[in-house]
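Below is one structure, written out as structure tokens; comments come after it.
Letters A, B, C, D and E name the chains as they come in the text, with residue numbers starting at 1 for each one.
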Amino acid sequence: MTEFLTAAVGFILAMLALGLVSILRGPGDADRVMATQLIGTGGIAALLLLGTVAGVPAAVDVALTLALLATFASIAFVKKGLSRFEADGTASTENE
Amino acid sequence: MPAPATLLATTADGHLLVLSIVVPVAGVLLSFVLSERYVRQIALAVMPVGAAIAMAILLALPRGDGFIVYLLGAWSPPLGVALRADGLSAVMLAATAIIICAVGVYAAADSPPAAGSRRVPFAFWVLLMAIWAALNTIFVGGDLFTLYVALELLTFAAVPLVSLEGRADTLRAALRYLLFALVGSVFYLMGTALLYGLYGTLDILLLSHRVSAEPGVLIAAALMTSGLLAKTALFPLHLWLPPAHAGAPAAASAILSGLVVKGSFFILLRLWFDVLLALPGFAAAQILATLGAGAIVVGSIVALRQDRLKLLVAYSTLAQIGYLFLLFPLALDGQGRLDTGPALAGGLIQAISHATAKAAMFMAVGSIYAGLGHDRITGIGGTARALPLSVMTFALAGFALMGLQPGGASLAKELLLLETARTGQWWWAGALQFGGMFTAAYVLLVLVHALSPPDQPVALAARPRRGSDLAALALALCSLLLGLLPWQPYLPIPYALESKLFGVESLVKSLITVLGGTALAILLSPWPHPLVGTMAWKDLARVLGPFRRAGLGLGGLVERGDRVLRQWPVAGICMLAVTVLLAASMFGAD
Amino acid sequence: MSLVRDMISIAAVSAGAFFFLAGTVGLLRFPDTLTRLHALTKADNLGLGLVVLGLLPQADSLRDALKLVSIWLLGLLAGATVSQLIARAARQGGSIR
Amino acid sequence: MSIATAFEIMLAAVLLGLGIWTIVVRETFSATVGFVAYGLLVALIWVRLDAADVALTEAAIGGGLSGVLLLGAAARLRDAEPMAEAAPGKLLRATAAALSVLTTATLAGTVLLLPDPAPSLAPASVANAWATGLSNPVTNVLMAFRAMDTMLEKVVLVLAIVGVWSLAPDSAWGGRPGPRHRADPYGVLAFLARLLSPVGIVVGIYVFWTGANHPGGAFQGGAILASMWLLATMAGLADAPPVSSRPLRLILVAGSGLFLIVGLAGLLFGAAFLSYAPALAKPLILGIEVAMVLTIATTLGLLLSGAPERSAEPWAP
Amino acid sequence: MGTVTVFGLCAAAVVGLGLYGVIANPQPLRKIIAFNLLGSGVFLLFGVIGRRGAVAGIGSDPVPQALVITGVVVAFSATALAIALLLRLFDTAGPATLDSDAPTRPRPDRFGG
């Protein structure tokens, strides 16, 4: 069982790495920000499996924290990316 | 070899060490809550209490075998953290208390509380107390990681002081200072990690009994040393110092230049003299002193070429820091082991002497700046008449710093010279003498300009403030009288030395320093001499002309080199190179 | 019992891994931001869900199982909202580049 | 080579790949994203190293707060991008690279040559856990054995706040930090904030509470709470308080202040400064930690908001 | 090769990367990020050392873990302060690098002039 789960983490990690390569290359910043989203799912899955393999029960708590916070980078990107419009007071972030 | 059990238990008066940290911390927290209106009062209330605690430690130390120990939370190392004070800590605590109080009085008299910004006084007073807390922690901390936290506390308190005025150049200086200091702390932390991995403790005393000449220790030592050098701004890692110290308000500059750089220097002393002892060896100590000598030459020459007083004083700090590092090779005994002897005492007295004198100098320059509305050297003619107290303060602090009797610097120089003779390292005697002459050069340069008659009547932009000026003057006097203090209970000073403080011999030495300084000032400073009009000068000029041209050329070269070294990538590479060099030399020694 | 639980785990985790593969292939093959976003969120959320499903039989207590499920729910919520935000930002184009 | 080792090598490789990307990529924004991804992934290594407390810290800081801080700055500094011509020359870069490689090699060698058996304070910290009644050894180290470091570190947080605030223009001193965020109250972001914040608060409190006996603790919990506050702020549901507010200042020093007071009580009535009477140890430590969670959450939130730049009046549309 | 070896090498490599970035990246923000990377490498070093100190029942020596947590807090505050400084500098002076300080050049004077 342990071997299988370790292999599964490895596989997911490999997928993660491939996905990261593809996303980080761009072309746009929006693509790049998706990288954090990718880790938000792939990384959590790997973390959960890893916790079971390594016998670290607290890994679930770590995964919970990551699941909660992985969105934050994307939100910051969306907010600050538009701050120039915001500064004009013409448009809010999302109601256009 | 087990650690002596007496140093692993709380001694009588141990609570004083706790109080020396807790009182300023409480001041920080209290004034943060009570906000702008009370911050000055709180700071002024904390100062006498803190000073009293420092004096109490000074008095308590000789009573208990020369050290005080306190186990925090009653947990003994290696699991717990201990505070320890020895003679070095006690004198540094006292000196810090005196300087903080003087700067506090200066600043309190300086800034009328109702006027203008509420932001600047709030930040200044809170950060002043924070610096005090951090320094006291550094002086009594007995654990390398506690020292790391204290070092960071110091950085966090010092950086905002640099940018208090909010101008773009001060912001840039602050950011540069912060980033370089952070890299320095990371280096220190790396060494800490390795030491813990090797010995399972970070307690200084336990480590001193456990370390041996293993490769890991030497690498840790090299990393920690160069990290601390970066924080102390030893040449060539000084890129952040001149703009940071010159850009801050006067009271802040006094603290930054006088005290803050001494914090990391003190940790370096702890590391080398209490943990490493025999490990660094001859070559590594020579490297430190060589960098120090480089700092003296470069710092002084560039100082002589500055057109602003504050920058001149900032560069002089650079040179003086270099002077401190001359103590390392002189403290070696026959077996290449660092000995807590006269050299260490001399270095520490020099550090204190510089701290007091430099703080006084920055405050005097601050008063001159406030009075004239500028601090251009060529424009301060007549200041001696308009602002006599400030110029006198500068002069007295300068005399103390260049090693005139009975200043602390002269005592320090005597001690260090004694050790050059004992260890047979005559070459450092030259550096010591030159250091004094260079100091004399830039002090005299400023004084001659300040004493010269003005081109037009001096119009004061602001009236001098008596309280501020007196605080600065008191500090300068302090520095000048350091040589008379009874240091024996705290520092290892051979008794024979003090008797010959006032003799014909010492008078001759002072004269040589002053004359040498005059010559250097004439040769290296590009500023037109205030007495250029006189006939005697013209004759002199004819004789000296070619020499001066050569001197100025050399100065320009040094200044250009300094500018290259102050570029970020170059300084970063220098830091790595110093680390590698130190590690290699330590490996060579063992 | 243990064998059955392990079988379920292996099956679900394998299926989850497959969806991660699908998501990655999508990322590598799809041409533009929006379709890649689609591939990312759909496939990965399913993948995470299946992995969570596979780990449920291995959980020690009900509390751990609840935590696992809430992680998946959080992932779903985050994926859904953030993909909207990113997509909108991407569509505005110029300002985001 | 076992499958576990193969996996570890892969994990390290992916992490290093992200690190290299962060350093060498041209645009600052891409580098920032790379670092945020790195920060999320590094939590995996900490779990693998069996340091769950640190993993939680890295997840809370690296995953949430650092990302917001760095990405926000990168977006704001985007106009400063064409500064690449200031890059150091080839020779300098080559020297820097060579020296960095040398450092890495030396460090690697040193780590691999560390003594066996490794010295460890783990047995000592377990043997002395009776004194606090808490069974998470890391919390014991932080709150009892090395309490001084923790207290000073909380003072560092106060100073960081003073430092950030001191950057305010004089006109805005005492006002509210950062820009006022606006968003459609019925939009996606507000929806997310309304749904996620309560969950996050529960998780934050849980992580803090469980820290007494399991991995977790005041800092990790506080960081999660700070993120939730930040989310509400970014969604326009909440606003940062004016920095002159007295209650705010009280909260900001509550953690270190209570720590100091309990420490002094130990000095006066107990065995030593920062010692706890064994009977009272657990409630005292938990009490300090409650204050610290509040302080940390507020401090981190404010550190991210930046210097005061608006007047203290509440924002009106 | 075990966990300690792999991640020990990884930590050393991250330290090197961070060092190079701090020195060679021109933009201040990049330096800040590189500093974080460097710090992360050092923390991993602590983690590896803690892992080596594992005993029965505890997978990692708690003291290095506690040191890392303290260090992470300090490093994060430092990052926040640095970014605040950087943004303020940007607002005051526009795009700027750390090296563009205007050094005070002494005016060349003629001797005796």
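Going forward, a contact is a pair of C-beta atoms (placed from the backbone, for glycine too) under 8 Å apart; a residue touches a chain by one contact, two chains touch by 3 or more.
Keep in mind the model is a prediction, meaning the values are calculated, not measured.
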Any chain that touches subunit C and subunit B: D
Pair of chains with maximal C-beta contact number: D-E
Central subunit by CA centre of mass proxy: E
Chain whose mean Cα position lies farthest from subunit A: B
From subunit E, the most remote chain by mean C-alpha position: C
Distance between chain centroids, defined by C-alpha means - subunit B, subunit E (Å): 25
Interchain centroid distance [CA atoms averaged], subunit C/subunit D, Å: 27
Intercentroid distance (Cα basis), subunit B paired with subunit A, Å: 48
Contacts with 2+ other chains: residues of subunit C: 70, 74, 78, 81-82, 85
For subunit B, residues contacting two or more additional chains: 79, 145, 149, 152, 156, 159-160, 163, 166, 171, 190, 194, 196-197, 200, 567, 569, 572-573, 576
Subunit E residues counted as touching two or more neighbouring chains: 15, 19, 23-24, 32, 45, 49, 52-53, 59, 63, 67, 70, 74, 77-78, 81, 85-86, 88, 96, 99-100
Residues of subunit E touching subunit B in the complex: 15, 19, 22-24, 28, 31-32, 35, 38-39, 42, 45-46, 49, 52-53, 63-64, 67, 70-71, 74-75, 77-78, 81-82, 85-86, 88-89, 92-93, 96, 98-104, 106-109, 111-113
Residues on subunit C engaged by subunit D in the complex (per definition of touch): 70, 74, 77-78, 81-82, 84-85
Parts of subunit B lying in touch with subunit D, wherever the complex brings them together: 10, 15, 18, 22, 25-26, 28-29, 32-33, 35, 70-75, 78-81, 116-119, 122-123, 126-127, 130, 133, 137, 145-146, 149-150, 152-153, 156-157, 159-160, 163-164, 166, 171, 190, 194, 196-201, 215-216, 219-220, 567, 569-570, 572-573, 576-577, 579-580, 583
Interface residues, subunit D side, partner subunit C - complex: 188-189, 191-192, 195-196, 199
Contact set on subunit C toward subunit A in their complex: 6, 9-10, 13-14, 16-17, 20-21, 23-24, 27-28, 33, 36-37, 40-41, 44-45, 47-48, 51-52, 55, 58, 60, 64, 67-68, 70-71, 74-75, 78-79, 81-83, 85-90, 92, 95-97
